[in-house]
Amino acid sequence: MLIDFPIISSILIVSLLGTLLIYLFPAGDRGTKWFAVLLSLVPLALSTVLLLGIVAPGSVELTSISAGGQEFLAYEKAEWIPQAGISFEFGVDQLSGPLVFLTSLLTTLGMIFSWGEKHRTKEFFAMLLFMQATVAGVFVSLDLFLFFVFWEGGLLPMYFLIAVWGGPKKKYASMKFFLFTQAASLLVLLGILVFYWMSGTFSIVEILNQGQVIPLGLYTDLLFFALLLGFGTKLPMVPLHTWLPDAHVEAPTAGSVLLAGVLLKMGGYGLIRFNVQMLPGVSDGLYVLVAVIGIVSIVYGAFVCLAQDDLKRLVAFSSVSHMGFVTLGIGAAMLGGSKLAMAGAVFQLFAHGLISAALFMIAGALGHNVGTRLISKLHGAAKRIPNTAGFMMVAFMASLGLPGLVGFVAEFTVFLGVYEGFEAFFGSGLWVLIPAVAIVITAGYYLFAMQRAMFGPEEEDAGEMKDLHSFEILPLAVLMFFIALLGILPYLLFDPILGWVGGLV
Amino acid sequence: MEWDLVWFLALAIIEIVGSVAVVLSRKLVHSAFWLAVTLITMSGIYILLKSEFVALIQLLVYAGAVPILFLFGIVLTRRGEEE
Amino acid sequence: MFEYALLIVAAPLVAFLLIIIFGRWTRQGGAAIAIAALGTSFIVSVILFAQVLGLGALGAPVSEEVFKYNWIGPIEFGLLIDNVSALMMVLVSFLCLIIGIYSLGYMAEDKSKTRYYAEFVLFTAGMLGTVSANNFLQFLIFWETMGLCSYLLIGFWYEKSEAASAAKKAFMVTRVGDMLLLIGIMAIFASLGTFNIVEIQARGIPAGALMHVIPLLLFAGAVGKSAQFPLHIWLPDAMEGPTTVSALIHAATMVKAGVFLVARSFPLVAASDIASITVICIGGFTAIFAASMALVAFDIKRVLAYSTISQIGYMILGLGAAALLFEAGHASHGFTASMYHLMNHAFFKALLFLAAGSVIHAVGTNDMRVMGGLHSKMKITSIAMLFGALALSGIPPFSGFWSKDAILHEVFVAGEMYGAIFTFIWVAGVITAFLTAFYAFRLWFMTFAGKTRGDIHPHESPRVMTYPLIALAVFALISGMLAVVIGGFGHLVTFGGTVHEGTMELLTEIFTSPLTYITLFAAVAGIGLAYIVYCKQRVSSEIFVSTSVGRGMQKLLQNRYYLDAAYRGFALHVGMGIARAADWFDRNVIDGVVNGSAKLGLLVARGSDAVDRKGVDGAVDGIAYVVTGSSNRARARQTGQIQAYIAAMVMGMFVVALIMLIYLSGGW
Amino acid sequence: MEFPILSLLLIVPLIGTVLTIAGGKRYAKWVSVIFALISLILSTVLVLHFLPDSFIAFAPDSTGRFFAFEMYSWAPSLGLNYIVGVDGLSAPLVFLTQLLVLMGLIYSWKKEERPHQFFGLILLIGLAITGVFISLDLFLFFIFWELVLIPMYFFIAIWGGPNRHYASIKFLVYTHVGSVIMLLGIFALYLSSGDFTADGARTFNMILYLEAAQTDPLFLQMSLQIPLFIAFLFGFGVKMPMVPFHTWLPDAHVEAPTAGSVILAGLLLKMGGYGIFRISLGILPEATKELWWLLAVFGIVSIVYAAFICLAQTDLKRLVAYSSISHMGFVLLGAATMTEAGIAGGIFQMFNHGLITAVLFMLAGSVKHATGTREIPQLSGLAKVMPKFSLILIIGFFASMGMPGLNGFVSEFLVFLGTYKMFNMIEMGKLIIIPLLGIIVTAAYYLWTLHRVTLGELKESLKNVVDIPRHEAIPLAILTFMIILFGLYPTPVLGVIWPHAQGLTGLLGGP
Amino acid sequence: MIPLEYELALAGILFGIGIFGIIYRKNAIIVLMSVEIILNAAIMNLVAFSSYAINPITGDPGGQVFAVLAIAIAAGEVCIGLGIYIVYFRSRKDINLEEATRLR
């Protein structure tokens, strides 16, 4: 079935229009939520089509354009600011397609999960829709300028989500979030300027077609480094991660879900699209640096998790740790030419999106329903809130890389690729022992948290605890379904990614 | 050594001493007197310079009239007990 | 031709899904579904086993990979059906079925039955998947699934904080082994480009450092899962779970997966002498080490747990010895013996646990000190347990005798070839046999003989529990002999397919060897000592602790050689220490830098503001100020005194004159 | 179209001024608004000319550079003429002028103190600024340039705040000093103009200068160009203003009435930028090639320094005033790049900054009307009681911050694009980090302010505050709409500017 | 023949003394006398230069003419100066110059 329909622009337009339309609703109207959720199904359906076009090219055929040996599907182009050579140029590939789907999915689920939101409901849902548009925009933009527009645009709704609907320290957190990522954006901007200057075009397609746009040398290395810092902050990698815990702790649940689920993925996406795809062949030392940062993030994040009491903070740091796999995978892939590592990194983007979303939903649900997210105050809660405990268990297990769930596939392939890559580069793959230690620590902090929060004798004077509402169970169940599905049948998504990576590494 | 020069130096010394005395004298009348001395000495120098007419005028007008005028002035502006 | 084998794994998986979805609405919390699935698995396994045996024509191992599918990229999944896996599947599914049935009684009162059966069948699927995996990745996946179920089932009564922490401990400790196993598997893939077990066995690891490292890493996984020294500490604690779980997972099946892993990677281990010797040493040491701790335990299940560790040590020991000898060109008797012991141990240890469960069910406590004299009240349990104890002690014709003897024999052979160290290990093995017999009968006598010591009102368990006991007791008696009857276990399981013996040769060989009698004597001596001390009480058990050495020893043993404390200390102080330090670092240093730079920015801002107000704006105002100010000051100079003016004029004149002078003189 | 539209743009406000003042208090606002509206319509017609495929076309001058060209002799012996015309540089600014004048009038609808004079002066100042942008005779240019000062001075001195005398004098003297130095430059130009005119007569005709610079960039000796450049830079720099000649601005703004601030920041500052592009770059290209770094350094220093100062402000208006300095730094930086993107970005930044800063000053005025204070620490949680205000404040702040999707981003991006290219040419591409830094600080002070003003707990004292009245909301809404419009679709303005930027780039050809 | 330098030096010294007197003394009459000394110094210059002029015999009579004129004027000046003093004295009863700051 050939689809010759501007899918991508439709996704963006529907979301953006929806953002505006929601404002037309009177404040406090119950229809707002219905409208928002139903509207968000449209982008979800469209991104599903995109995803199908990517992972199952037989079922859905999309218009494509070739760029530097790779293909972008559902390609669209329209003029915007012709004077500066800036245009609306969209397309997805195996890297971005799944992330677009993830964005749409998590938006819908986040909305459903936030059904109980009472404070400025209308604006809240509008912000989520806006967020969906901007983040999806980042993934689909094939014009650097446009990319940056969406990149920065993504900050806005997140900023408001934290600043308006956040917790007690929201001012500090939202400021920190904004400034940190803004600073990172500037480095990205710098990179974009270099690309434009060197290639004379903003179009990623053209840049890829030009091949080695930027002559190799110190300059390229510096550029790589700048972009690494820029995207790494978003990712986030240690030591540029400190905005993340604060932002998460203060953000409302749906905000956290999107923040961890897709916003961080922008960093990983950028790293792969820019640092790897558009800037090949920089010094090995930099790739070593990337790998080392990955390892440090993994281990450091895991250790910090061990000392956390706030569940949300714990999950936030675990995100730091898990996004380290992306960095590590990229570094190792570029060092030793391991396709698996790169594919694993890409897959981890998707996997972590699902898992962290689930984790934050649970942490958020605890906050709403129980009144505390502090692990030390929950003891023995499993009896009273079995559903929460059950979902928490599954999410924890997925996050700690239990085989059969999606996290394992990603981590395993990254490790495997890292082993290959290190063996090819350092001569011994056993260096992988260092990040592998994190497997144990990860298990440690999750189990520790589980034991203290859910197990053990029931607290006598614990206040009233409510279990998950049905509107909270639904999104969690959907996430669990995807977590299990891709854990058991990872090839559905992994093989297309691997094929794509084949043209990259 | 020329006599002209000797005369000149002698007159010059008187001249200088005289004018210093004019400036530094405690009493106005003494000043007036020293002024007269100075002016007269000056006419001597004019003679040494072979300007006899000027010397004459100096002696008549300056050395003669001016100190007298001063004396009048002193008398006219005198307060009770003059310093 | 074995495609239907998939059903063996699939049935419990499907049952798992069905139970978690529908379980809560069925009677007995989904037990029926579980039993049906387990039964299906068992029946299909038996058919499979028969077919494999039939094809194998007495001993020639059959292996076939069935049902392959691409997991990701180059990685294929599938089932590997050969003698070992077929045997294991029968064993596992049988035990699962038996214990599942037993659970109907044992767990009848529990509220969370649905959860129990779901986890139970998921575990079954994991174990069956592990033994039938045709590649190490799949192996790892199911291996971890088992680990998860183990975690969940140990923590089944999570409201007990001991259970919760035991579950965590089990998962964490095995996770350490799993991590190393994971790396080993990766290393295999990196050097051979495949996970496929058959292929890996055929090709072996290329010579080099990895040749030694890989088997050691794989063995580390086994050490974790099979609770070998130094990762044994979780197993005794795991007894906090329901007894059925202890019987099934922590005695009969899951802990054997480590042995199975070593068996699957046997050629890799054999290829490396370092690895072989490590395996032997760990196995031998664990055997005597764990047995020693069993001597002082009073918790009936803990005794059995230590016993399990010890017995698995035997199996590992046997495999190691076999590997060493196999590389030297000998037949893999040890391999056979280990698997043989694995099977026998599965039966009698499951029996012991279920019997213990029956006792606990009856008396409501684990503490042997309050039991005693139960024989009269629970005859079936008592006799079943006696069978188990005899099998454990290695008294012929009970099953344990045959396999334990074979292992020790193999070790002795290795000792003959490789010198004193192995002879020493053999001696340790024999001493272990003595200790085993002693603690086994200490347990039995303390529980069933003599008089009731505590305030307990025991009664025999329901039939749904005693029938499985009877069945297992029968197996404990005959499973060893059956192999002898068919001409040696080597007909069923070998590695390399070179073991062919007849029944009579086998018996002759066993009963003519002096080694057999040495072991036997050790076992009988152990039983005798236990009889004297705990049954007849001719000698008080205080005699062991009458000397200071004895007391020290007892204290050491009761504190489990302080290893638990050491690990705990390590985790608490080192692990949490690093964690706290990292957290502090994050909050103060990294965040401090961020906040500090924000403060610095603000400071710069204030500074520039001040500069702007005072400096730049000051300069502007300053110019105005200078103009007005200087005119003011100039006005002040105008005193109106003529003399001052003149003075100034003269000064000016001087300046002018000076300038003119300079100018006229043509410069300086 | 042969139609003296530019002269009309001068005449209409003039009549308007006279009628408004003469008409008295009752009719002042209606009369002035009507005349401002007419001017706005005229300037819209003017801008339409520059759109591609436009149905409106004005006659060009003989060189084809300027449209709607008019030239009348004035004092031929002195080479003094009345010459007006617009091109891609001035047309958007002319439009902006009329727009902001109208908005300022509407915003001040409820002015009670001497309204007829107030409105009349607004019209007059609009006229003068329009004159600056359209006159093509240096002398005429200077007359309008000086003319601007007078109504502005009265604005501050009559309707200003408590410290108005200091501020108005400072404003007048400061900018006048700048003008005088510039006047010296104009005379120097005039005196040396005989060298290149065809008949050897001296002239003030700017077109001739531009033409001469086009054909022979060295039509003036370098020894003359450089001091001229510096003299003009000083004149424009004070107006712009660039650090360290900026200190009149905060004072003037703080004391000026809102409409005055709007015009001051929105238009007056643009005169400096306009001069840079028209004269420094257009007439003195060789000097620019020598001294571009001076522009760049002043630009960068302005961007960063002023941004830092903003962080320390507590008065909302003062903050916006300093942010103006920071943002006008982009104009300088854009001019310094001598690249298409940079110059177009600089010009576009003037336009955008005019819109944004007008909004921000209006908001500062509104918050003062509503709550009685502009002190940020005394404001808190206004989002609850002033939702409209808060929404526009957010949009305005984010636009000023350079948030993509709003107009400020486009121009700043273009400036960076050009800057990077230019820095790269001198192999100092990394230096672009410094102005980029300014953006972060900008984000910081705006966010911080946003937090403190709109979010947080509503203070007791602010419970009874009402949202902005309609006459203030209308101009705010219109301007906000344009901010968003030109952010998403900058082409209408950029398309007008771009050819001019191309022309300048061709003339300059890099350092 | 007396060297010209001697004449000039003497004139300079007298001039300096006169200046000193003007600035140093407070009494207006002494100031006036100092002025006279200065004038004398100047007149002596005139005379000296005239006698050393181009013609060594007759000299340049111009200098002597100016000298005579100057002497006459000086005399008049003294008259006027003293007259002012007297008027001033009548109004202020004092001619101390430090008090005379009404010029300010």
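Should a chain be cited, it is by its letter among A, B, C, D and E, assigned in written order, with residues numbered from 1 in that chain.
One rule holds for everything that comes next: a contact is a pair of C-beta atoms (placed from the backbone, for glycine too) under 8 Å apart; a residue touches a chain by one contact, two chains touch by 3 or more.
Worth saying up front: this structure is predicted, and the values here are computed from it rather than measured.
K.L.:
Which chains lie in contact with each of chain A and chain D?
P.N.:
C
K.L.:
Under the document's definition of touching, what chains do chain B and chain D have as common neighbours?
P.N.:
Touching chain B and chain D alike: no chains returned.
K.L.:
Taking each chain's centre as the mean of its C-alpha atoms, which one ends up farthest from the centre of chain C?
P.N.:
B
K.L.:
Could you quickly compare C-D and A-C and let me know which has more C-beta contacts?
P.N.:
Of the two interfaces, C-D and A-C, more C-beta pairs touch across A-C.
K.L.:
Taking mean CA positions as centres, which chain lies farthest from chain D?
P.N.:
Using the mean of the C-alpha atoms as each chain's centre, the farthest one from chain D is B.
K.L.:
Can you tell me which chain is nearest the middle of the complex, judged by mean CA position?
P.N.:
That would be A.
K.L.:
In whole angstrom, how far does the Cα centroid of chain A sit from the Cα centroid of chain C?
P.N.:
33
K.L.:
With chain centres taken as the means of their Cα atoms, state the distance from chain D to chain E in Å.
P.N.:
The mean C-alpha positions of chain D and chain E differ by 69 Å.
K.L.:
Could you state the distance in Å from the CA-based centre of chain A to that of chain E?
P.N.:
102
K.L.:
Once you find the CA centre of chain B and the CA centre of chain E, what distance in Å lies between them?
P.N.:
That gives a centre separation of 11 Å.
K.L.:
List, in ascending order, every residue of chain C touching at least 2 other chains.
P.N.:
Within chain C, the residues that touch at least two other chains are 598.
K.L.:
Among the residues of chain A, pick out those that touch two or more other chains and give their numbers.
P.N.:
Residue numbers touching two or more other chains: 179.
K.L.:
Which pairs of chains touch one another in this structure?
P.N.:
Touching chain pairs, listed by label, are A-C, A-D, B-E, C-D, C-E.
K.L.:
In the complex formed with chain D, which residues of chain A make contact?
P.N.:
80-84, 145, 148-153, 155-156, 159, 163-164, 170-171, 174-175, 178-179, 182-183, 186, 189-190, 193-194, 196-197, 222
K.L.:
Going by the contact rule at the top, pick out the chain C residues touching chain D in the complex.
P.N.:
It comes out as residues 598, 601-602, 604-606, 608-609, 612, 616-617, 619-620.
K.L.:
Help me check something: in the complex, which residues belonging to chain E touch chain C?
P.N.:
Its residues touching chain C are 19, 22-23, 26, 31, 97-98, 100-104.
K.L.:
Using the touch definition up top, name the residues of chain E that touch chain B in the complex.
P.N.:
Interface residues on the chain E side: 1-2, 6-7, 10, 13-14, 17-18, 20-21, 24-25, 27-30, 32-34, 36-37, 40, 43-44, 47-48, 50-51, 59, 64, 67-68, 71-72, 74-75, 78-79, 82, 85-86, 89, 93-95.
K.L.:
Of all residues in chain C, which touch chain A in the complex?
P.N.:
For chain C paired with chain A, touching residues are 70-73, 137, 140-145, 148, 151-152, 155, 158-161, 163-165, 167-168, 171-172, 175-176, 178-179, 182-183, 186-187, 189-190, 213, 571, 575-576, 578-580, 582-583, 586, 590-591, 594, 598.
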